[in-house]
């Protein structure tokens, strides 16, 4: 799935998600997270920004499962993934000691960008749902960079 | 500015922002934040989820400036603001020791919901930009609740 | 092992550690933690306060392994563990993507207090080492409370 | 105040604090912190690790007030302060919306090390109290380094 034209930040990332989820016959990558005190706030629920931490943990484990452990990736290629847009719906509160599943699916990809659709679920109940647009950047100059070819191929197969 | 119809989560919150910013003749509420080590990550920049912390600090100070200190608000009225959708564009990285300004503007409001447009800036340079949709909830039942009237009036005047 | 006399905050908790570690013939409870971006800072290493998060995760999993899952514990007994003193030595930096092991040993215990010795290790290399003194408190009044008897027995067996 | 002999990690750092506090006729540097949701946990109080964040904010502001802004310090001298030991007493819980004062005093100093005594207070009430031992390290090699002379003089005057 190639991307042509200008960056699409002004358009809702969310719209394509359903097709991506239902159209494929593979289940998304999933990573478990336990909710500890550090994740919660005085309202008794997970603090809203912390779902973004959970989602990044899952993306990191997903990339590692595809054969791209983060530290090696950056050391060998001098590139990193940087989030440049996030859209998150907070659907229900998660609470202390919950075991959550965090899913990752690549739903769009270009030579230097990647969009993931991610969910945090407690059993069958969706807790948060997000679209995260990432850019591959050259860490020395902090400029967009092409993803290494092997990662491009791996993502191609994953979408 | 009243809100009719169903929840608008599926529509981009972002679209209306420009009018709100340029149409008014007031400048938005602004709150300064210094970047400490705790805010940064190994890529040498502010960790993406932490901008949501900065934005909540600014919302809290803005509500306090409107006469609604958070703790009193919850104790007296039994209600709290919960984020139910966030859209964030990460435009440029902030770094250790930067002094940032975080702005808040109310751009939409209903009896139990509020949408803020927020920016994190370093001088004139935009760093992140977000739309945050908040719901006023009854903290005992975690259900939508009408905002207290004085807050509704204060927000009416602020939009 | 009962505790008599005044709170011992003024004395070094650290001193007894070696006996506890070497005297027993059991290995301590251990819990793995992967280092993500969220854990690191702009110096390229794990941010110092975050080791306390890792240590609490390990304590939570250790209590769960002893049969005392945190949420149930608080709901049924109305008590929680609160840290009242921590001594931490930061021996070496952990870095992005490291897999760490976090150990927990109960080294002292009273009716309403517990002291854990904890280490964060990367393979055989110690990264941080801590003594954490916890108090069991009644969460309604935030006052010291006796631990539930079954937990006292479980800890007795674990020391 | 010079430091002779081996590193003093095995000895309680706490013991000397009172003299340092009462012996001088200057009041310690103090920095205000507001407690936001991000700082609290599901027990309704400030999460224990977050006091270390508050203390580092105060140390950073204190160094800046002495003329050593952190980023410039590292850029010009290639050195940073790293915590190598912390002792913290958690005396009372802070809560959402509290305004806290965080103090910093240098209580011991060598050519490459610094010990601060710090308190978090709510008005006159002590909330946490800590001794933090820092090492000045060369950030390229992560080895102890002498503090730049101007900082040594500034600290000399401050103790």
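A, B, C and D are the chain letters, set down in written order, and residue numbers restart from 1 in every chain.
Please note the rule applied: contacts are C-beta pairs under 8 Å (C-beta built on N, C-alpha and C of every residue); 3 or more make two chains touch, one makes a residue touch a chain.
Keep in mind it's a predicted model, so treat the numbers as computed, not measured.
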Could you let me know which interface, A-B or B-D, is made of more C-beta pairs in contact?
A-B
If I compare contact pairs by residue number, which of C-D, A-D or A-C overlaps with B-C on over half of them?
A-D
How many Å are there between the centre of chain B and the centre of chain D, using C-alpha atoms for each centre?
32
Report the inter-chain centroid distance for chain A and chain D in whole angstrom, where each centroid is the mean of the CA atoms.
37
Dist(centroid_CA(chain A), centroid_CA(chain B)) in Å evaluates to 23
Do you know which chain D residues sit against two or more other chains?
37-38, 43, 49, 53, 56, 95-96
Interfacial residue positions of chain D with respect to chain B in the complex
34, 36-38, 53, 56-57, 60-61, 69-72, 95-97
As the complex stands, chain D meets chain C at residues 9-12, 14-15, 43, 48-50, 52-53, 56, 80, 82-91, 93, 139, 142
Counting only contacts in the complex, chain C reaches chain B at residues 37-38, 40-45, 47, 49, 95-96
